[in-house]
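For reference, the structures are reproduced in the following blocks.
You will see two complexes here that share chain A, one where it goes with chain B and one where it goes with chain C.
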Partner chain A sequence: MSRSNPSPVERRTLFSWHSERLLPYWLLAPAVVVTVVIVFMPMAQAVFTSFYDLILFRPNASKFVGFGNYVKLFNDPVFWTALWNTIIWIGLTVPLQMGLGLVAALLLNREFPWRGLARALIIIPWALPSVVIALMWRWIYDPNTGVLNDILIYLSIVQSAVPWLADPKVAIYAIIATLTWQGFPFFAVMILAGLQGIPRSQYEAASIDGASTWRQFVHITLPGIAPVLATAGLLRVIWVANSMDVIFVMTGGGPGYATHTLPLYAFVKARQNLDFGYGTAIAVTFTILLGAFVVLYLSRTMREVER
Partner chain B sequence: MKFLKTLALGAAFAVSAAFGQARAETVRFWYHFDNPANPMSDLVKKFETANPGIKVEAENVPWNSYYDNLYTALVGGNAPDAAMVKLFAQPRLAEMGALEPIGKQLDAWKGKADLLDNLLDLNKGPDGKQYYLPIQYVVLYLYYRTDLFQAAGLQPPKTCEDFRNAAIRLTNAPQTYGFGLRGGKGGWDQWGAFVLSQGAELKPGGLTRPEAIAANQWLVDLFQKDKVIPPSAPNDGFQEIVAAFKSGKTAMTIHHIGSSKDLVAALGDKVSAVPVPKCGNGQWTSYGDESLAIFSSSSVKDAAWKWISFLAEGQNNVAFNGATGQLTVTKSGSADWKLHERRFVEATVQSLPFARVLPQTSAVSEFVNTAWQTNMQQALTGQITPKQMMEQLQTLFAQ
Partner chain C sequence: MKQSALRRIITTDLPVLLIVLFAMAPFAWMILTSLTPTAVLSATGVSLSPLGWSLDNYVRLIEQTSFLKNMLDSLIIAAGTVVVGLIVSVTAAYAFSRFRFPGRKLLMLQFLLINMFPIVLLILPLFVLMRRFNILDTHFGLILANATVAIPFAVWMLTSYIGAIPKSLDEAAMTDGCSRLSALRKIVLPLTMPGIISTGIYIFITAWNEYLYALTLGGRNVRPVTVAIQTLIGEYQIEWGLLAAGAVVGAMPATILFLLVQRRLIGGLTQGAVKG
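Coming up: the complex of A and B.
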């Protein structure tokens, strides 16, 4: 009886081997399973679909075309227009959001009455649903009834109403302005948290040494919030790149192809024209392009974790 | 023997009663109403009281993604049993094998004779079978501001030349413009009044005819050269053209009776309507249809038929249209129609003789959904010429 049972010491090592080696995996398992089922499986299926000529309302005419969709894609002028728009979209939106966020954070970090209220209010653009923001700005920009043109005409900045969203040269910048407004609170809050982590004593020491406000900003503040800027910036590149809801509601990608970005083009092809083969080929190509940023982000967070 | 018969009959009754109880059928129905105060729940209640064995789950699906959701649900095997559908979708739905023919049920239905003449013919499927049961209709016509026309000493335009002259006279940019063009999504039916009327057709070679290209050039010139259309036109959708017309920014626009209530509320007697102008030798306007269809994947087709035919009957149809602001498809309902001002009903009826639907081909769906809009916007903003626009659209209708 007593021989068949392991001694308390034996049992403890056996059990602790189980718990210490396997416990993390057990704890991770639910998240991994969910991610595999709802992220990786559809991703694999998207790659698979992109090798087919699959139009949803002709399910029986579906056939394997190998890299056919990709060849078509690289010869498609709309793809290149959309790629260029995507570069402008990310290249302007993220730095503008970051710049505005930095200014807002520096202001909010100062002492002034009602600071708590100001900090709470600044979150509002970030907290509103994208579709609400898009509809709101669509009316703000409206040349016939919108408030922006009214103000500009009243101040004699322009002579007649500017068709912000109907002019292909201006439309994408108008939407970028909207998205900048929507996204800067994210940076403001992240940077504010970073600012508060910088010890006061460093500023005191610098001012005793006679450093100007600008030099304090360059040599203490910026290095202090650099890790936050890098992580938040990378994260935001990925989010902004993928976000198409605001564009879709404001212009639907128009006029013409002037505000088509790659995710929007993929959506229009797959969901509106029901051309799933071609639509997923666009999405897969874009994922590969964005992959570089994802790798950068992952390697950064890995380093942070190991630190 | 008699006893046995009675017993068998009783048993049969009991079985059928039990069966009927167990099979309280549910009809899943999709529709789209813009009107937030929609009476669908009243109609459902009325139907369920009259048909105790059937439950109706009616779902209001947002219009902007209505067809995206419908096609996806059909392919994904989770389609409703019946839904509101438009003619332009019929070829795709038929190609998918998603539609259930309803010809037999229609013939046996007492409401058939009450349907307005010609509607069933207009709604016939590409293979000649009947899949659609009409539920409401509208016809596009020209809204104009009576006060502005009177002040300028103008008559409502009858021809394209009149129309252009009036638009030029009524334009005082940037305060007012002659015509509110819908250059964004869904504007193809306005475009049709000016271009499809002058010999353009959605078929091989039909868009690149010289007269079709000239007509398109004329329309784009209204925007680029005559400047009688607000500069916002390339991105303007329904909300924008209606808002501009209500605010007095534009003096004319093209839409249907569905917006008349809203316009009268804002403008009163200062708004009226006439048929769209005659351009060249032709006149074309869009017949805006809406029908109900049963899907072949449904397992409760009989119950679904009862529900959709209920909605197309006399007073039920009037109640239905009370919510959508469109016109009833029944003769009994039209006889004493009180939902709209007389002048808008008249403009609609006068437009019926030349009201058309687009040809029923799969390419037309792409034309309506995305292609027309992107090409029109490019032409209006000068990225391509009106001729290039027609050539690019022609590629959709190559075969």
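Coming up: the complex of A and C.
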């Protein structure tokens, strides 16, 4: 703070009626300035770059192409593959995480001696770096020496080793399984907090009225945690949509384009081909699509929850 | 009585145990892998009995790679992000929770929106900007990059923490002659300390675990552990034992911190979501 130790007289003038009104803006200034510089300026730059044909190692050859990159995108079959993969990716991962998280939360909400320990241990996947998670699962999925194939062959569930990450049909589901594992603790913790907010008296009243466990779940538990599910679900959709680091380390988007999602495609384009113009155009498109989804989701769920 | 205990074990303890095993098994497998010497690993696979274990991979990790230096890089970046993130966010959060001023809603919304921006949208222009200002591949550059995530998060967390402290306390201090800023320093900060610490720890963990910024904006001179772990693949042929040792060591700081503070951290994180 630049104005430390003002004299009493000075202080009175500094915090006169006028400055008291300005004070919140001063207090906000550092955070706002920093975020403008490191978030909003780069973002504006991204939108700007997406209208240019910019290859990073030939900066002088960059030229304005208007919506050229977006037109190219529209005609790019890989874009549509990546978009479809993104939809599958979000559409399967988030419900799976939520389902598993719900089961875990319901169990953790019961009384048993080692509840605190169990709760702490379940969260471990959430604390691990995503690179570690990705490498760990690559090791587990390894077609020759991976433990998953060993177990499945031992149990005679499969006859021969499955190349989990090398088979274009299987790879994306293998990664979805990994991300489900990584993300379910978040839901478990959120839902658990929601469950603990439901008054016990409601269940007591219901069981006096003879409601079955299932009916109690449907009519008390689910409505009770609906707001948490809505919030946590949205946060996860955004997070899962954006999280490409696990895919990047596990398959790099391959085999072929089988595990490309939109953010990954943008990243790979820019990183490997140094094609920043096209890469940012993909990133901007993805952001707009995600933003549209969020707005749609918010307007729908808000109505649902309020009802 | 006995029957109800048995019932509880079957309906609760066992299923919980299954989920805990599911959550822990992959990382446990990684630890076992890291303890198995490479020769054994390629001959007979991961050693399940303690007799076959050795610290061989860890010794090689420390002696033959720059892993300790990478840990230091990660530490500097994560700690720097905590400092930058907290300093600019505390005053902002105080302003949001104590003042009603024109533009408040809009500014709060701004910080919420930043949380949603895809990292890929920022990473490319940040690369171009940082290259222009010559801060690519420096600690400072990566601290700034991580701050894009840390600041909006910290502003929101701290606003709810400070909001939970009764306004009357700092008003009382001000009638006793404190200025706004000294009321913030003497009354609000000490009371918010637990919240500030959990927010700081969360920022630390996130920055420590961050990978894409580290890969793109750093990587040569400044190479955080998350990037270093992956290069263990490239520098040698895939040596799973060494890689596993790197993964275990690299994941340790964040995991231990997380386990230490998980109760309070989760309390803080879920508060907001459950309320609204």
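To be clear about the criterion, the second predicted complex is superposed on the first by the 263 of 307 C-alpha atoms of A that agree within 3 Å, B and C clash if a C-alpha of one lies under 4 Å from a C-alpha of the other, contacts with A are read in each partner's own complex, and residues count from 1 in each chain.
We take it that a contact is a pair of C-beta atoms (placed from the backbone, for glycine too) under 8 Å apart; a residue touches a chain by one contact, two chains touch by 3 or more.
What you see is a predicted model, and the numbers here were worked out from it, not measured in a lab.
Trainee: Of chain B and chain C, which one contacts the greater number of residues in chain A?
Mentor: C
Trainee: Check the residue A:145 against both partner chains and state whether it touches chain B (first), chain C (second), both, or neither.
Mentor: both
Trainee: Given the touch rule stated above, what does A:281 touch, chain B (first), chain C (second), both, or neither?
Mentor: In the superposition, A:281 contacts neither chain B nor chain C.
Trainee: Touch check for A:179: first (chain B), second (chain C), both, or neither?
Mentor: In the superposed model, A:179 contacts neither chain B nor chain C.
Trainee: In the overlaid three-chain picture, which partner chain does A:240 touch, first (chain B) or second (chain C), both, or neither?
Mentor: After superposing on A, A:240 lies clear of both chain B and chain C.
Trainee: Just chain B (first), just chain C (second), both, or neither: which does A:129 touch?
Mentor: In the superposition, A:129 contacts chain C only.
Trainee: Once chain A of both complexes is superposed, is A:98 in touch with chain B (first), chain C (second), both, or neither?
Mentor: neither
Trainee: Could you look at A:27 and tell me whether it touches chain B, chain C, both or neither (first, second, both, neither)?
Mentor: Touch partner of A:27: chain C, not chain B.
Trainee: After the superposition on A, what does A:271 contact: first (chain B), second (chain C), both or neither?
Mentor: A:271 sits against chain B and chain C alike.
Trainee: Report, in rising order, the residues of chain A that make contact with chain B in one complex and with chain C in the other.
Mentor: Residues common to the chain A contacts of chain C and of chain B are 56, 145, 271, listed in rising order.
Trainee: Flag every residue of chain A that touches chain B in the complex, lowest number first.
Mentor: Those residues of chain A that touch chain B are 56-59, 142-145, 159-161, 163, 165-168, 171, 251-258, 268, 271-274.
Trainee: Given the complex with chain A, which residues does chain B contribute to the contact?
Mentor: 68, 71-72, 75, 92-93, 95-96, 173-174, 183-185, 230-236, 240, 243-244, 247, 249-250, 362, 366, 369-370, 373-375, 377-378, 380-381, 383-384
Trainee: Going by the contact rule at the top, pick out the chain A residues touching chain C in the complex.
Mentor: Contacts found on chain A: 1, 11, 15, 20-21, 23-25, 27-28, 30-32, 34-35, 38-39, 41-43, 45-46, 49, 56, 103-104, 107-108, 110-112, 114, 118-133, 135-137, 139-140, 145, 147, 150, 181, 184-185, 189-190, 193-194, 197, 227-228, 231-232, 235, 238, 241-242, 244-245, 248-249, 263, 266-267, 270-271, 276, 279-280, 283-284, 286-287, 290-291, 294.
Trainee: Touching residues of chain C toward chain A in the complex: what are they?
Mentor: Its residues touching chain A are 8, 12-13, 15-16, 19-20, 22-24, 26-27, 29-30, 33, 45-46, 84, 87-89, 91-92, 94-96, 98-99, 101, 104, 107, 110-111, 114-126, 128-129, 144-145, 147-148, 151-152, 155, 179-181, 205, 208-209, 211-212, 216, 225-227, 229-230, 233, 240, 243-244, 247, 250-251, 254-255, 258-259, 262, 266, 269-271, 273-274, 276.
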